[in-house]
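In what follows, structures are represented as structure tokens.
In what comes next, chain A is part of two complexes: it sits with chain B in the first one and with chain C in the second one.
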Partner chain A sequence: MMRLIAFLLLIAVPILGVYTFVNAQEHNWWFPPAYSTFAPDIDWLFNFIMYMVAFTFIVTEVALAWFVWQYSAKRNDKGVFTHGSHKLEMIWTAIPAVALLVIAFTQMETFAKIKFASGFPTDGPYTREKPIAEVWASQFDWRFRYPGDDGVLGTVDDLESSFEFVVPVGVNVVFHLRARDVIHSWFVPEFRLKQDALPGHTIPVWFQATKEGSYDLVCAELCGWGHYKMAGRVRVVSAQEFDAYMAELKAKWFSNGKE
Partner chain B sequence: MNPVSTPSAPVITHHAPHLQPGEGEPGTVRESHDHHELGFLRKYVFSLDHKIIGLQFLFSGLVFLVLGGLMAMAIRYQLAWPWTPMPGLSWMFPATGGAITPEFYTMLFTMHGTIMIFFVIIPLLTGAFGNFLIPLMIGAADMAFPKLNMFGYWAMWPAFVLILMGFFVEGGHAAGGWTSYPPLSTIESAAPGSLSGQTYWLMSLTWVGVSSMMGAVNYVTTIVKMRAPGMTLMRMPLSVWGLFIAAFLQLFALPVLTAASIMQLLDRVIDTGFFTPTNLIVNNLTPDSFAHGMPAAAAGGQPLLWQHLFWFYSHPAVYILVVPAMGFTSDILAVHARKPIFGYKPMVYSMAAIAGLGFIVWGHHMFTSGMNPALGMSFMVATIMIALPSAIKVFNWLGTLWGGRIRLNTPMLFAIGFVSMFIIGGLSGIWMAATPVDIYIHDTYIVVAHFHYVVFAGSMFAIFSAIYHWYPKMFGRVMNETLGKIHFVGTFIFTNCTFYMMHQLGVAGLMRRTADPYAYDVYAHLQPLNEFITLSAFCMFAWQIFFVVNFFHSLFWGYRVGRNPWQANSLEWDAPSPPGHGNFDGPLVVHRGPYEYSSPEVAEDYLPQTRAV
Partner chain C sequence: MRIRTRSCVLAGLALWGAGCQLDFAPEPAAPVVHYALGPATTAVDEAGDPVVPLHVQEHIAGSLGMLFGTPSSPRYLLTEEWVDEGFDPNWPTAAADDQGSGEFSEDELARIKADNERDFRRELAAIEAGDFDAVRIPSWMPDLEQSWRDLLAGKPAEQRDDAFKGEAKALFVDYYPTLRESAEHFRQQCVHCHGVEGGGDGPTARFLNPRPRDYRPGIFKFTAQADKSVPRRADLYTILDEGVTGTAMPSFRRLSKAELHGLVDYVRLLSIRGMVERDLVTTYLSDDALPAEAVLESYASIWSKWKGADEKKTKYDGDVPAPSPESIERGRTLFMDAATGNCFSCHGEQGRGNGASAFTTSPETGEVVPAYKDDWGNVIIPRNLRQGIFRGGRRPIDIYYRIKNGINGTPMPAAVSSMTDADIWALVHYVGSLSSQPRTRAHRSAGHAPHDATDPQQSSPGQTSSGH
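Entry: the complex of A and B
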């Protein structure tokens, strides 16, 4: 009886595991859509690991259930008397070692592209030295400071907005991420991009949005009691709309923004 | 035929052959070897006996387990039905009509994590079982330093008092996460819990560290110096190896955490500014007006320094949470499968490799922290490679079961459950180790799923398994098998329902530590799934009643058993149940390793380490 129950419980793990995966998309328990240039790469790497892992998961879980079923104490003889097998140890050390190294090395290029200084865009309108804006995180809101007409941050013609960060579509956007008080984290699920904002540091971040729209900007690092509501938006617009937005922001900022 | 000689005893090891003569006398509760009777206080409170100290750790760990579990239930309630009055707690929040406040929520998950890691799992594994098992398994009469051992437990009491006092101070308890990242945790105006709760948190953890340090020194010395004749290192049960390696991890990693905690404490009370950068503006307050935790204008500190120091301890600490559990599982699988452990040496080496590699992977918690990304790359390779020794262990556990004669007793069920769940937890580690993927899944529910699979479904299952397995040795009575099996089945089902689905939340991008996920559009559709998880978690919590009843009922009314109810080989089963002062009847000689099950040398399917053939 217990043997049957244990077998069913153990075999249910891989079966329901796979079942959940197959049905995940339908329930929206899967990735949100991928709207940055590197988002599909990250999804691909995730799936690549998943297929290797799923294989190991299924094989080991099924073997476990099977052994529990098969080698029950009901048999009246003794168990197999063995202390192991050198050959098997070599096999199950070498094969996973190779698989793991393959996983490790396939990851590197994408990470370097996203986070390394050398991966940052150098052509385009925005670079590490000349960002589109400075993004300030503080308890519990987001502020965006654009450099204004002179293209230089920290001058009198800087423009500020809060809550909504407007960026052009199809362009490499670089911004400087800063924190005023405690650690926060910039996270836009659709872009697959996360970077902590570290007080005392200015961290350059880049992405290229591939689809116009408005996306949730989530704070992903605990920053205090209001962490859950530290929401912002990233609005991705066409180049013309972006220019219009900047003009509008400028008008607003210099008319009634600060006297 | 069953090996338990009391006529009314249940069959706890079915199909077992007759006992060896001289073992398992009915109700063997040996007279203590003590000549002088100790008073109650000396015997049970200020005891020098490693077994009593182990039990003290066991009971206090279980009490904190209930507290930590209740907090988990409150967390789950909020995630399923945010801002609705919480049954049982609503009286505390008249201002919100009974709904908990976000401040309270941040405190809940901070203290849940802190209590479960530092007051439940570590004390249960190393404190309770480390103390109880090490001398018994290596054939020693007690620990090398019994007084130090007693202090090791009593150093936990200031920790208990401080951690509980923190709940009642102004602003409530610490609320910066169990990771306590500054400046959130150091600047008083940054969070209510940072007002003074954090100070209690830091002082309490320092005491836990003192206790762990005394324990670790004792374990290492005892294992090195006090093994019985013939007990070579390579004849030690894997439980002892796991505890030995965990003690080394404590010895090398803990000083770093202690130093870091004291630095944070100094930041908080005398404004040293180790972790606080210059010119912060918190809560619209400029540096000069911060009450505390930040010196005027020029602090020049580094928040990342804390993260490095914290994880330099806390990554090895997560292996402290699992390496002993791996040891217990190995032993319990071999005993109840009636088979030698498959690949003893690879098992030892892989545990050592996990521990060694464990010191060079801490940066995998910081891939998106702003740390040099090139450093992230090397931490990735080290972390991915740490999955290798974990995989080797899983294969060897499977090898141990293969060809066995498996007796599905409760300890065995939990041990098999451990293997099944550890596979999931270990495998999900690979995604998070992969730096580009971790950019997305860091700080999401995938991380939460991962560590609950390794720590709850892993370590906690191993602790349950160990309690059922060694209970007869601790109390001379066996726990009820039927209740035990019911306990296992429900716990296994609800654990998976609760934690497996958290992977899906994580893939959907849901970040952790949020009081109300549905404040964001991207997460609004996840509420039904969260409700399912919450209901599963409630069922799991309620199901533990079977364990509680069984545990206490069996203390008084469980069937008495002899020395070796499971027909196991290792030395503790040579001692009376429960062992008296001094543990063994007399000097022992060890003839072989602990895993000679189903050996052709003898008629029975087990061959104790002490038996000369």
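Entry: the complex of A and C
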């Protein structure tokens, strides 16, 4: 009886696990939609690793349940002494090692495209040297500093906005990520883009949004007691709307305070 | 072994069953919480006796409760004059002839409604689809929820036609929070720093530098107001909308416009309440009595300051001039001129916030320590103008306001009357130029901007004091 209960409990783990994942998308438990050019690559990598892990998980769980069933104390009251198997140990060391190497080599190209200097866009209006804006993270908000008319960041005609980062759709957007006080992390789930912001460092980050809309920007590094409320928004707009927004920001910036 | 395993399984099943069956007893009704009295009222003298006798403190607490209600049900007491002139500060949106103070322009009301359409888009879509049960109302909107329930109760499900849908949508599009709802919202978003009474003494306040604003004295630093006047609604709204750079006050733009305006209403109530409280203490200490007329008089006079705040706004009609080398040079001259700008005496000759007069030598330890405190009693050092962090905003007009009006509650004075607008703009340009560090690759690899390289003085205040 106990053998059956233990077997059923153990076999329920892979069955319920697989069931949860199969049903996740229907219940909206899965990722938000992917709205950047490299987001499908990230999702592909995620799925690749997940299927690999899922396969191993199911095999080991089923094996575990089978061993519990097959070698219960009641049926095998006498143990067998063994020194182990050198061959078996070689196999279960080599297979994970190969699997890890496969993962490492598979993701390298995508990682390089997103994070390496060589992967950054060189054509188009924004480059590593000429970013669309500086993104400042501080306890506990996000601020965005656009270069203004002279196209140079850090000068008096820079325009600043808080909370909302407006960028054009379908264009490679490069920004410089900076932190004022402690480590923060830029995370926009829809873009599958996460990057730590370090005080004292200027970190270039790029993405290309594929769909207009407003997306949550959150801090993904526990940065203090107000971390939970460190929210921002990335608004992706058409090129015309972006120009109109910059004009509006400029008018607000050089306003004479009349209402 | 077998028995132990079985009992473990059984115990687990029993626990799970109990978890399913357990019905938690309802919480007892919360007692009525009142606003606490401020430090001015509860102060004690050297002997430990209250400066204001306890029965007078009771009287003040009762008067304030009558005028402003409680944290769970805040409201303004309407005076006879207000009823006569149809002014109701409890309801700032409605026009003056329709019960309400009518503090918003038509444009702003239209913007609030447009933002409500965005904020309540799911609710509006559910109403449009006829799925009334899918409408979810946030927990901080009990009055909206009540109106919504009343609306549903007044119309059986089969009679809900398009006209009803229109009425239901209007409830959300025209939404403006009551003071009770804004107080609840304040407790969810603001109270942990700013405290129940707005005293800047919430539980997280002690982790912060600078400290959160204490609203009770009615002093707000970053406004467009002249003569240290109380702020306008627009000043408070800007702070909520933009946040305060360099402090723990973030932008709250993720809330809707109606919610932000509601929070402004409530901050104003807390501030007026604190000002009235201080005024009552002052009146009692000078007259040794506190009759009901004096309470109402204080209430009316402090309200009139807030009502008249618009007249104190600094107006500048011209264009914002662009900086030129000449204007920056002129600004530098004014910055260094002891008779006009005199900025260097606090902000330092390099604008590093290390001027000689802002620091003093401690007689006990001989160390150089900040010389000034602000009106809230916190140590204050002048802004380092080279960092480009300006709490009241980095826009030219913001810096213009700071220089022209000074910063209320701090040692930063208003510009002397001999300064013209052109002088102030020259100073704005010079101050802006101090934090201008073009971020090119050459500068980054050098590690710092060129004017730092030739700057002999670093940020230690002790070094500069010898320079004057």
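Odds and ends about this structure:
Keep in mind that, in the parts below, the second predicted complex is superposed on the first by the 250 of 259 C-alpha atoms of A that agree within 3 Å, B and C clash if a C-alpha of one lies under 4 Å from a C-alpha of the other, contacts with A are read in each partner's own complex, and residues count from 1 in each chain.
Quick note on the criterion: contacts are C-beta pairs under 8 Å (C-beta built on N, C-alpha and C of every residue); 3 or more make two chains touch, one makes a residue touch a chain.
Everything numeric here is computed off the predicted structure, so don't read it as measured data.
With both structures placed on the common chain, the touch criterion links A:Trp225 to chain B and to chain C.
Looking at the shared chain after the overlay, A:Ser162 reaches chain C, while chain B stays out of its contact range. Of the two partners chain B and chain C, it is B that touches the larger number of chain A residues. In the superposed model, A:Leu153 lies in contact with chain C only, and not with chain B. In the superposition on chain A, contact of A:Glu129 is made with chain C only, not with chain B. By the touch criterion stated above, A:Met2 is placed in contact with chain B and with chain C alike.
Once the two complexes are laid over each other on the shared chain, residue contacts for A:Trp253 go to chain C alone; chain B is not touched. By the touch criterion defined above, A:His83 lies against chain B but remains apart from chain C after alignment on the C-alpha atoms of chain A. In the superposition on chain A, A:Asp141 contacts chain C only, with no contact to chain B.
The interface of chain A with chain B overlaps its interface with chain C at residues 2, 5, 138-139, 180, 225-226, 229, 231.
For chain C in complex with chain A, the residues that touch the partner chain are 2, 5-6, 9, 204, 207, 224, 234, 241-243, 245-246, 248, 250-251, 253-254, 314-320, 323, 394-397, 400-401, 429, 432-433, 436-441, 444. Interface residues of chain A, counted against chain C in their complex, comprise 2, 5, 129, 134, 138-141, 143, 152-156, 160, 162-164, 176, 180, 202, 225-226, 229-231, 233, 252-259. Chain B contributes residues 14-15, 101-103, 105-106, 175-177, 181, 183-184, 187, 190-192, 277-283, 301-304, 337-346, 368-370, 373-374, 376-377, 380-381, 384-385, 387-388, 391-392, 394-396, 398-399, 401-408, 413, 416, 419-420, 423-424, 427-428, 430-431, 434-437, 439-444, 485, 489, 492-493, 496, 500-501, 504-505, 507-509, 511, 513-517, 519-522, 525-526, 529, 595, 597-600, 605 to its touches with chain A in the complex. Here chain A touches chain B in the complex through residues 2-3, 5-6, 9-10, 13, 16-17, 20, 24, 27-32, 38, 41-42, 45-46, 49-50, 53, 56-57, 60-61, 63-64, 67-68, 71-85, 88-89, 92-93, 96-97, 100-101, 103-104, 107-108, 110-112, 114-116, 138-139, 180-183, 185, 187, 189-190, 192-196, 198-201, 203, 215-216, 218-229, 231, going by the rule given at the top.
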